[in-house]
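Two complexes, one shared chain (chain A), two partners (chain B, chain C).
So, the complex of A and B:
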């Protein structure tokens, strides 16, 4: 390597400073183009980076940034119609252009890959054990122990990644595993041959946070066991902060910034990186933090214009940016280790600019209602002991009930005027069932729902119809919740039509609504497919606002959106709440978003509330062990904090709501139950279901744990 | 699982009873066995005709309910009644079903295997010349009526015989019947002769099966080709071809299970046109002839036989599906 001429500036590969060792992986000038009907799409554009043995490189980018395509190119696993150019050298050998035979000797043995969706990534018709075995056998030398040895090794690997009863579980099919277990099996398969490099493509995106924490832990174990280098591809800056040694940021198929993890998080020098960092809500800061959204959308990769692809969204653009695309160049002060692709990065460095300096943060609206004490504000929605059970039916012909799913099992909360309640919990905890019950506006199976002072059990159909005006909903998936065959104007006018708003007023209101959510009135004639995800969600919000409701139920309104788009929608929701005096029931699994937007938070676990109270109190001093674990599981986009944090990793998966544990439902996974309580104390958890108890005397802060001890986990 | 299957069985048996009853009643009311005798010259005396029709339980002067009752009573003793020519339907079916099986077995197996292979190959080579050739072949074959296809093959066979000089009694390919009369069935010569009779009809059946299964298998395979698990298999280090076969094709076979289950249960039912044109006296020919001869009992008997086979096919398809797809194996 030493005899090679110095790399030209154009190929400034991002290498950690002072590492004379040969890189494990050297990607140089890698480009990937797909032909489409609309023209060639260059998904990856002259990408260059290096990975040293044993290090963790995080590649961060939003959807469509080319991060997955580039990693598939490294494995030479792209579909045949992809045109790949450049060079990928692994352990000094060129990968591109190798025969399938030679590649298959490297894949799985030297380079292993972990995919995003652990269900579709495992072959449904073979047992998990067989699939791991196959990974071992395909690389085994002839006579190297054969099937028996491979089986033993597969079971050993399953044990290593933390699958209980590995011998039995090896005989299970993928569909018999939970999402977290499947991803563990995937990791077991990846480390089966002690690879030198593991490429993990969004390994935790499809999983809940507590399971994500488990999987990251397993990945760490796997790295220790194999000593492999890891390329961790993700959109989640938090995951990268705690896991990676170096980080590379991709935008529109190119690396725009790369460097050591601290450099990138604390000294970002490219406006896009700064924008990303500024647009993620922080779990540990909350409302004090201004969110700086990046305006606009990522560019289409068909016929990219000449200049920097970030230009349309960049507040720092100058003439040169439109004409010349900047190369990824080492920064003057930081040397080779930290590079950015921006004409003005030296200026950003000199002035030490942060997100707030580059992206003007919108003024935070002060909600007028906040100043009035909570107990003096009227209650808009009051839910008491709400229960929803589903019968578990078996048999197609002779249907019979074999059990009951306790989806929601006695939850109580209220929402006052100008207040946002965040309802949080992992998938399967019953939060969606709860809001559907509320939106149905009918008498619940048990308990009461009072909306704007009216009990749903006693409502006449007319009252129910009238009250729907005041209680509107925004759904999670902005693609699925808008009729693709209606122009946006009709979508917005439809609720007004249903509630008898005169046709003459509707047109004006539609224009007003579009402006209110930050779209142009001319957009009324377009169809939903003409809009991006963020814009569609704005249309969904506008539709919910059409009848001037008082309460909005927001079901995961930003979870389907990319990070840079998300901030804009969050800011919009905050602005609307203040301007229109709305109250929100904000359902989410992302606690950082909830912390940013909510006044109060209710935490659900397996159909019950485990803790409810003021957002800052609950997040800063969580009392229930589940709240503590949940908060602890969420990675912070702050490498130094991440390194100091000690994570509570919950054991196992969510129990089935058809067969919840006796007593406290959380006890089977509870870290306190497992490590802190003695036998007598545990018995109480097993026998007695804890009620929501008020410990402060304010009636506004309750938790449901026999042995609650508030402590800070952030 | 056993209870579930039992319940299914009850339903299917009900279905068989209903369909067979309807078939019998339709045949008994719409077919006119009497016209067989009335057309004769000189016409036989009515008493003779009545006696002949009574003997086979097809006299239209007997109320249809009574005839149906007799037929059902016979069924309870596993007796399908007599054909219009006074032969037991049981014997007729018992003989002809094996003829159909002998005709169909080779063509069906070859057609299914080649169809799966062609479909999978076409999917892997999507939009390449090989795929286009297979697609055109399938559509052309499927759009030609079986009669025409069978006649084409028959004529081609005759042409080949002539070109190669097989104009005597011994031919390279035979176009009529199962075996040349007079040959010992189990002799070496007899077997070769049988095969020479089988080539052309088997080819017809194979070509049709390839066209049919090829299309379905191609679609099933295309669904699997973009899947993540196929990528995982290659990421593990499997060669592309091996990954395509052991992970891709294995999974893409699942939706084909239903087709194959029906195909193999219905081997006994025969192939009407192929049998007719190549002169095999199988079940397909039997059914068509029975209708033209106004043979009520034969029509009803064949319908019952087919219904039972469909029932078995339904079971086979469930079993095959469960065998191929662990996701549907429910405790």
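So, the complex of A and C:
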């Protein structure tokens, strides 16, 4: 490498090109250290960035990268035992080291914060209106207007963030609000005093994707109303792509790359950023996309080694990387605006490398030979009109039934040999209830479940036990699904023990399984705590494979994992499917992952299927308005596409499954119902529940909308 | 694929191989920071000075109770006809009784009995509580209703009275019946706690995973559910030891427990309570041993509770 060292260097704070104006927020050399039993943890290491008035800065990083801690440090909200050094200047005034009283004049007034979990951020014993009022009154100058004015302003704010009937809802308590509504209330509180800077810490992570779209809209409205700058902290590159002007990527407490959103997404120059971008499944590409996992795990922040913290996971490392940690330096070609912390970023720039160049993507398992047409393959799992209802019971002594929760209300689908069906829907739509019903292998309340040709209603206990061999499950949370008291070897041997595999064979099979999922046989003696999330999920998969099943039920298998780990597990699942000829029932709320892995997809809404069919068919030309809205709500990690897209934002929240709307269940939120249909057509939606039938005349697709019209939303 | 022009030695080594086996981190590196939970508990326990003191005291008293008969000249059933009502001397450390029994030997013998009754009873009652509670919680339904009713029934019975009434029937037979009876009235509250914990553990994914694998219910209980509440069970057993010792002492004091010629701390205290003011060594030595024993066990119990509770350790030093 003969490139000369970039000259304008050392304190390369990342500033947008050509902005001479004084920055709103200037963070310089910020470090935060916590002392713990295990030794000092440096959560943030010499972080420097600037925020200009009115701009949106996205800070992206995985869990533990220090993004939340750094934003709390900016607000001076860290606990007293945290050691903070460096400088945070807000409107030219130093924030660090100020007394709490002085800071209170700034916090909530000039800088506002929106937290991830709106339930714990609102006080449960005061009404939402009171809390917004308080936020206003606390900062009110000389009592101007007083309570009545504050009340009026609170209601105005609630209306601004899109809460229907704001006057009545202001008198409601936080628990009476849904998650999305609470987050709206939080935003209302944040903008109550026209702040200059809003720090939003994972504001949509806890929310469903259609609600996320609503909240991002509200945040945009709020920004327009106040002209505030926003620091958006998230792990979701899609959210950043559509929302931020500039993006900073954090890894192990440091900024590793920063620049304008387009620079970062299309011309990333740091291997970690490239890896992140390459490891997200894209909703608009699907199976053709090679996923490039970043191997290994983020480093522990205790006793970080000297060199670049990404070294152990970096395919491009050289000797220098192990010895010297690179500084965040502007790139030769793009000047101050785009900076990366990598010794080899100039090289990456010169060769214009992409994630596939840096991270070798594993070869996609080839579809074995000519695929037998679907109709000719045998059915492994056939669910017809499955119903599951829960009674709503009131009273402890005089128990009486006051209603019914229609969790699953007549869904039908089947899975053929070596096929993956993705079952998607938002939380509360009944997808988990449906798979638990299937896994229980008992007679359902109504409808039939046929597994490998055997009806669960007619099974003897012996048959049921034997069928369990072929139908295994992988759970969402790899922390909860492995017994912490057993070593991994015992965990893997358990299904074999239950099904009478001789003890001598079990040991061999355990070693075989560990290798199959990319772990090492010696790991059999360790306890689950010794493994990271991704590794534990691999153990969960290995356990499910122990008895060589034919169908795997995967319940959100990657949603609890960090982005960079996720790709590895998805690739593993694809590899296993091809190698072992498995069929998957893949339950997920993340449509991008489903698009990547599934052959067919079934979309669920409020206990019913609204659309089912071939994955590309459904994703490219969704027919049902809900599918369209769902797909449209998902942000793409592609800034240019994001800017061009028109987003369908659904109204309101999911209705209660205890009291579903008559006729079509989606009609209360349906954009088609609201804007396109006339009175007579609407009446049909209200009166008649649409059946799941083939309306579009396509090969393999059913939908449940009276007025289905396929259209593309990606 | 546009490969960078300069050869990268590190790159080559890991370019092939399926999936995760390419991991550049030597996987041996994992697991170093994750000290096993058991070791963590031990470490936290060792940080509690009082609990360590308690543990040492319990072990000393235990050793003393069992070793001393072999080390001293006088046994609990031997009379020293040359020393009636002697105050503590070199020969008789705790003095003697009116009949010339050696008070030290008697106290140690009593402590043996009390300790064994406490330990055995606690083991029995905690085991019973764990099994009944876990089965009621895991299987639910009719079994749950029957077991819960039974538990509630036992809870309202006056245990002291019942043992007192039954005591003549086992007079002259083994003291093990007495242990059984004590344990039978000790387990109910723990069983209810175990049942509650089982209900929540039952919903945990690793239990569901085992269930969907076809592992039978009883094995899930013994393999997954009970080991995962072992901290509760250990603490409960420890606390039960001291409360059973106290129950034994109470019953024996009134003559319903351990029967002569055998002695326990309870019978000793009962027999010599009247001498507390006149010949104080007869009363204060066994009573002091009782207090020391129970206090030490309770300190151990407290220490264990703190060591097992992950929230108790969050103190930045």
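To be clear about the criterion, the second predicted complex is superposed on the first by the 700 of 714 C-alpha atoms of A that agree within 3 Å, B and C clash if a C-alpha of one lies under 4 Å from a C-alpha of the other, contacts with A are read in each partner's own complex, and residues count from 1 in each chain.
Here is the rule we use: a residue touches a chain if its C-beta (ideal position, glycine included) is under 8 Å from a C-beta of that chain, and two chains touch if they have at least 3 such contacts.
Since the structure is predicted, the reported quantities are computational estimates derived from the model, not experimental observations.
*Asks:* Putting chain B and chain C onto chain A via the overlay, clash or fit?
*Replies:* By the criteria stated at the top, chain C and chain B fit after superposition, with no clash.
*Asks:* State whether A:35 touches chain B only (first), chain C only (second), both chains, or neither.
*Replies:* In the superposition, A:35 touches chain C alone.
*Asks:* Could you look at A:461 and tell me whether it touches chain B, chain C, both or neither (first, second, both, neither)?
*Replies:* The answer is neither, since A:461 touches no partner chain.
*Asks:* Looking at the overlay, does A:527 come into contact with chain B only (first), chain C only (second), both, or neither?
*Replies:* So A:527 only meets chain C here.
*Asks:* Which partner does A:312 reach: the first (chain B), the second (chain C), both, or neither?
*Replies:* Touch partner of A:312: chain C, not chain B.
*Asks:* Which of the two partners, first being chain B and second being chain C, lies in contact with A:543: first, second, both, or neither?
*Replies:* A:543: touches chain C, not chain B.
*Asks:* Could you tell me if A:297 is touching chain B, chain C, both of them or neither one (first, second, both, neither)?
*Replies:* second
*Asks:* Examine A:115 and indicate which partner it touches, taking first as chain B and second as chain C; both and neither are also allowed.
*Replies:* Only chain B is touched by A:115; chain C is not.
*Asks:* Would you sort A:134 into first (chain B), second (chain C), both or neither based on which partner it touches?
*Replies:* first
*Asks:* Would you please give the vertex angle at the Cα centre of chain A, with arms pointing to the Cα centres of chain B and chain C, as a multiple of 10°?
*Replies:* Seen from the centre of chain A, the opening angle is 40 degrees.
*Asks:* Of the two partners chain B and chain C, indicate the one touching more residues belonging to chain A.
*Replies:* When the residues of chain A touched by each partner are counted, C comes out ahead.
*Asks:* What's the minimum Cα gap, in whole angstrom, linking chain B and chain C in the superposed view?
*Replies:* Least C-alpha distance after superposition: 7 Å.
*Asks:* Jot down the residues of chain A that show up as touching in both complexes, chain B in one and chain C in the other.
*Replies:* Common to the two interfaces on chain A: nothing.
*Asks:* Across the complex, what residues on chain A touch chain B?
*Replies:* Chain A residues touching chain B: 72, 75, 77, 100-101, 104-109, 112-113, 115, 117, 120-127, 134-135, 138-139, 173, 175, 186, 189, 193, 395, 397-398.
*Asks:* Could you list, by residue number, the parts of chain C that touch chain A in their complex?
*Replies:* 1-6, 8, 10-11, 14-15, 18-25, 27-28, 30-31, 33-34, 36-37, 204-206, 208-210, 212-216, 219, 223-224, 227-228, 230, 313, 316-317
*Asks:* Show me the residue ranges of chain B that touch chain A in the complex, using the header's touch definition.
*Replies:* 4, 7-8, 11, 227-229, 231-240, 247, 250-251, 254, 324-327
*Asks:* Which residues, counting only chain A, touch chain C once they are in their complex?
*Replies:* 1, 35-38, 81, 293, 295-297, 300, 302, 312-318, 347, 351, 353, 356-357, 360, 362, 439, 465, 468-469, 471-473, 475-477, 480-486, 494-495, 497-499, 517-520, 522-523, 526-527, 529-532, 535, 538, 540, 543, 547, 568, 571-572, 575
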